[in-house]
Amino acid sequence: MSELKRKLAGWDTIIIALTVVVLVIASLGVPNFGTSRNFTFLVLDLMPILLVALPMTFIIVTGEIDLSVASTLGLASSIMGWLWNQGLSIESIIPICIIAGAVLGALNGFLVTGLGLPSLAVTIGTLALYRGLALVVLGDGAVADFPFNYTGWVTGTIGGGSIPNVLILIVALAVIFGVVLHATPFGRSLYAIGANAEAAHFSGIRVARTKFWLYVVSGAVAGLVGVLWTLRYSSARADNGAGLELAVVAAVLLGGVSIFGGKGSLPGVLAGVVLLAALQNALRLQDVSGQALNIVTGALLVLSVLLPNIATSIRSTWQRRRLRRAATV
Amino acid sequence: MTTAVASKPKRPQFSLGGVLKTRELGIVVALAVLVAYTAISNPRFLSGQSVRDILLNTAIIAVMAAGQAVVVITRNIDLSVGSVLGLSAFTVATMMSANPGLPMVVALLVGLAVGGAAGLLNGVLVRYGRVPALVVTLGTMYIFRGLTYSWAGGQQVNADELPRHFLQFANASFLKIPWLVLIALIVVGGVSLVMRNYRVGRELYAMGSSPQAAELAGIKVSRNLLGAFIVSGALAGLAGVLFAARFGTVDAAAGTGYELNVVAAVVVGGVAVFGGSGTVWGAGLGALLLTVIGSALTVLDINQFWQQAIVGALIILAICADRLVAVRIARSLRKKDSHV
Amino acid sequence: GGTTKDSASDSGPAAAQSGAADPNAKLKEGLKIAFLPKQLNNPYTDVEVGGGKVAAGELKGEYKLVGPNDASASSQVSYINTLIQQQQDVIGIAANDPNAVCPSLNQARQAGIKIVAFDSDASKDCRDVFINQATTQGIGESLVKMASELAGGEGEIAILSATPNATNQNAWIEVMKTELAKPENSKLKLVKTAYGNDDDQKSFQEAQGLLQSYPNLKVIVSPTTVGIAAASRYVSSSNYKGKVAITGLGLPNQMREYVKDGTVKKFALWNPADIGYLAAYAGAALASGQITGKEGEKFTAGKLGPYTVGAAGEIVLGPPTEFTAENIDQFNF
Amino acid sequence: MAAAPDKSSAGPALLEVREVSKSFGAVAAVQGVSFPLYAGEAHALVGENGAGKSTIVKMLAGVHRPDTGTLAVNGTATEFTGPADAKAAGIAVIYQEPTLFPDLSVAENIAMGNQPLTRLRQIDRRAMHTNAARLFARLGVHIDPDRPARGLSIADQQLVEIAKALSSEARILIMDEPTAALSGVEVERLFTVTRALRDEGAAIMFISHRFEEITALCQRVTIMRDGKHVCTELVADLSVDDMIRRMVGRDLSALFPKQDATIGETVLEVEGLGREGVFRDISFTVKAGEIVALAGLVGAGRSEVMQAVFGVDRYDTGSVKFLGKRLKAGSPRAAMAAGMGLVPEDRRQQGLIMELSVERNVTLPRSRALAKLGLLFGGSERQEARSWTEQLHTKLGRLSDPVGTLSGGNQQKVVLAKWLATSPKLLIVDEPTRGIDVGTKAEVHRLMSSLAARGLAVVMVSSELPEVLGMADRIIVLREGHIAAQLTRDEATEESVMYAAMGQVAA
């Protein structure tokens, strides 16, 4: 089977196709889905998952995982609220929150690469730790009085048109991450690490250092998303983004990234995120209950991997049959 | 996760038995210290009622941890246990409230069956669908929860709708030990024994240690893998029954978020997430440790907001300690070699 | 320089108040009335919105119920957005976070949708009216009153609340504290406020924690239906039964067993169904221009009779009912 | 050499391969091959890399199912649905690549599947331990049965595999290049044991690229070329040259064509290198155009030394100088930048990334150099990969195929290509011709000496004495982690090297 055909058989391509189909059907079939206001809502809803998914893709490609992202987001949000109450200017708070995220990421990175602890275990620990610290920082209160010119920007659209401001940010970051992963030596090294860390080490790739920086980036992005989240809901709270981590992992896997590392593409992941968000948005417009959404999400997740496998196995058995027949005649 | 040799602890199974013990010994020590400290600052922590409560709270997580450990040892994971608990708990609760006449045994069996079925589905998808366990069980986590919700809707089974003997089961005890605790002990003990001393157990370790090699060695990989997931599911189902009996009130949200606690317990208990090593009773101890931490913090009257942070920190400490022991073992090995 | 807390201009443009009220305006029919509770699949909520459904029927309106599975702050927003898309006439909302929902609610109001907050208020400048189950003052007082009676006027009491940032619970607790400060309650000592996050098991374990940490505890006051049920169940199954009294706000159906077995002497609650019912009528009145949410405006809420909009657009349902072994069997919710 | 008792061929075949074919996608790995395995006879299977030997092994083991054709056990055609069936049929297999369970103890690895049981059907640990110990004694190796398999050197792993196969007391023993990782002594021990089994009436199938081993052990040989069956003959009736001619399909130029190179300035200076418990005070130099061989018994620490020099492994004492400049310890990247390359001994774990395509593997160390403005475009990598794989005559389907689908020897060529592509000044090759057929071996040797002639410095770790003696200008012999002797090309003989390596006169 040819290069092209094999590419087409890949999960990510299937997901991308599926996403397009869903978008088309929804905008034709679902009333109010196609409207520009709904588009804004859609973008705002998928923003956090999509942004966090970018570094998460890198990390999973190297065969590790980061379950602490949502808690990092929450902690960043708490810090933002606390600093705001201290009377700092929002212009200085935002970079501080991003740096804070980076630091939290660095701790993950150190535990994983420095001490060689399994990332799944470590980030389950920091998941609890960071969320706890978020509570310590902001307590049970919520800080709300952020300046409208910022909250407004996040929820607003370019010149009041139909393109949300945050879309620029999303596209920019997505492009950067995509190019780095798919067209740079660094990107190549990530796949190598994910597929066989020892061989990568023997090829002169700095395995530990690379992973460490991935966690730092992941933390920083989570911090940024914490800021955006806070501004969008104009409410800084300790429990912001709780439970987001599994949604992100789900989206990344749905996008065709192998949980064992070494496989996956960013376009696939983007498609995965959009697919989930669009489906939920459309189904909600159709008054489908939240529980049904759960079932759909789960089913999609499993099917996205199951179907291609079934397809290939059918193909191969069919081939063996043909050979046997050829041999008997 | 990656099997990066660099980050993979070098660790014997049951050879160097002494060293192996120290791995769980670490947890035991941690437990002792924590209990001692808490008891000193508040003696009531060791009062019958309090100890009883802790054990009762541990029982449910411990039962699930035993099943989870088996799956993790085969280099897989089961994130659906929380949802399975919810499904089984709600099924059993509605069944018992519908016909209060049913004996406890039936409830337990139904719970096991529901869970087992769920586990079977996971296993089939992982083995025959060749879908990574984390993906499958993350998916079924959503699916089972969704099913329970759409079935239960708003309704909730309240204590007053459940038959006495069912609720009694949580507190009633057999020679001073509450049934719940007894069941947990039997489960953890039994599974540990099988995993340590029986062929199928060792085969599960082998599968986790090197899946390809397991295939070549002619191990019945499919059978064992399905078995592992069924056990994990069934025990989650059993936990569901215990949950219903203990908490009386059951709604569709029962057991939400348990999956991470259970995995945490298993990991703290020293089971390597890359599979192939660790022990079931270690996982049981992990569950106990986490519960004790939880109630100790409440008893010590630690600021509500600090509690979660402390739990997280302690989890990480536990993992670090485990790693230290592992490194020590690796060292001792190297030494042995060099004098060959 | 930069934008700081002090220099910040206050949040967004509040939606323009629709003109003057016309008390005799006829209630419109066929109104689209949507309810967005804190979270679905919670028995208390179901009773609440059940009342709303009845009212919507009487008003010949279209009733709709949507909502998240988790009571998290932000999860309600996407549902509000959806309701805006669907051009509802009235949204009845129990806010998980008074501010997080604000921007969307204002968008809704700009789109001409009337917002009725019930049960748990959204911040004032993004809703038209708020249906208050009872004055915060009233509830706080009756909670302290019951606690004092059960404790025999003196001793340690503790509070088992819902989530640490539940708007209404915190308000009530504030009132309780001021009440306890009064001389007649000087012998009552509030030793701790624990949070069960409206999660049955967490509440259950928090109750355990309280009883272990405070041997001389006399009363646990739980101003949340989940908390009081869990606490009662723990006490009734432990050897604290009879030694420690439980009271607070609970659902008769959930509490019946513990009232019967003596664990709980008395607890209070308003009729949740009436809240939804009143919310629906208030929404209709708004949508029909009978009221605009200004203080002093009057309207009639079907079987509940006439109501007056209070300060800051608050509409108070009425005093809570106390349930005891004697009267509990008359209620079924 | 025990000549074959010819009557055995009269007896019925324990196992018979009948017209089997197997293809993977486009690659026809095996096409209509037939041969018998007789009781009490050792049967060699030879062919170039990628000829299809391992594929046949895997079909006999029940890992692959033949697309067409059948396997007959005791004359009755049978279908293996999985390795379990093959085991049940009394077939024990040593795969080309070790297949141990790193977390389990060595004893348990050996016993896996048929552990001794107590009456409670529990595993009898003591019995298991003693069995393992007995087997090791029989093979004369020193491995602690209770240590985990993780951390064993390839050689030790291979020995455990052998013990595993012996423990199952199978009637049919299939060995796919079991000696590739072993040095002379172990090979001899292995052969004594195997001969014993054969004389007890077992049927042996033996795969190797070393003809002296085949003539030493086997009575019958089956030759394959490009997946096709060439012939099955008595070893006695064929000269080594006949075999090579039939298997390669042409006459071969001599092995070890060492051409003299002008020795240039010193490239590598190792000073008193040492690592706790593995090696100590290792000092030597390598000059441009020189081929230095590291000889010694398996486990002598040769790989560890060179890995420390290259920086993938740490060292506690001493220093490494490259072109006069001191090299940063523990940094392969620094070593590469300075112009060093290391072809590691463990292809699967260290040399290649099995899931990645051939091209990605070849260009991995070079991706930075190939990038334009920091960006990589598919073209540049592919060209690089194509030119090098073609120079080494690598047998592969598509450059985008996962390298794991190549045959053992072809994988080895890819590793060589990967490092030659970095055009290094010093190339360290650890067991460069392990599992490589004669044809390729000759190429690799020619390549090495021509590179040396062009001024490349080469350090070669090898367990194959002929190779060491044939290729090296200088030979450094390691024993138990320290240098036992340094011999020039003229001083070096089989005896002198073995003497140094074993510390006593080689019997």
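List of remarks:
We call the chains A, B, C and D, going by the order they appear; numbering starts again at 1 in every chain.
Throughout what follows, contacts are C-beta pairs under 8 Å (C-beta built on N, C-alpha and C of every residue); 3 or more make two chains touch, one makes a residue touch a chain.
Just so we're clear, the structure is a prediction, and the values are computed from it rather than from any experiment.
The most distant chain from chain C, with centres taken as the mean of CA atoms, is D.
Annotation: A-C is the more contact-rich of the chain pairs B-C and A-C, by number of C-beta pairs in contact. Per-chain CA centroids place chain A at a distance of 36 Å from chain C. One inter-chain figure worth recording: chain C and chain D are separated by 75 Å, centre to centre, where each centre is the mean of the chain's CA atoms. Centroids of chain A and chain B (each the mean of its C-alpha atoms) stand 29 Å apart.
Shown for chain C are the residues that touch two or more other chains, namely 40, 69, 164, 195.
Along chain D, residues 349 each make contact with two or more other chains. Those residues of chain B in touch with two or more other chains are numbered 5, 149, 252, 272, 304-305.
Contacting chain pairs in the structure are A-B, A-C, A-D, B-C, B-D.
Note for the complex: chain D touches chain B at residues 61-63, 82-87, 93, 95, 99-105, 108, 112-113, 115, 117, 121-123, 125, 142-144, 146-148, 150-151, 276-278, 299, 349, 481.
Remark: chain A residues 1, 3, 179, 183-185, 187-189, 191-192, 195-196, 198-206, 262-263, 320, 323-324, 327 touch chain D in the complex. Remark: chain A residues 62-65, 67, 111-113, 115-122, 124-133, 135-136, 139-140, 193-194, 197-198, 201, 207-208, 246, 249-250, 253, 258-261, 289-295, 297-302, 305-306, 309-310, 313 touch chain B in the complex. The touching residues of chain D, counted against chain A in their complex, run 21, 23, 25, 65, 67-69, 312, 332-333, 335-336, 342, 344, 349-356, 360, 364-365, 367-368, 370-371, 374-377, 398, 400, 418.
Listed in rising order, the residues of chain B touching chain A in the complex are 1-7, 9, 77, 125, 129-132, 134-136, 138-143, 145-147, 149-150, 252, 260, 263-264, 267, 272-274, 303-313, 315-316, 319-320, 323.
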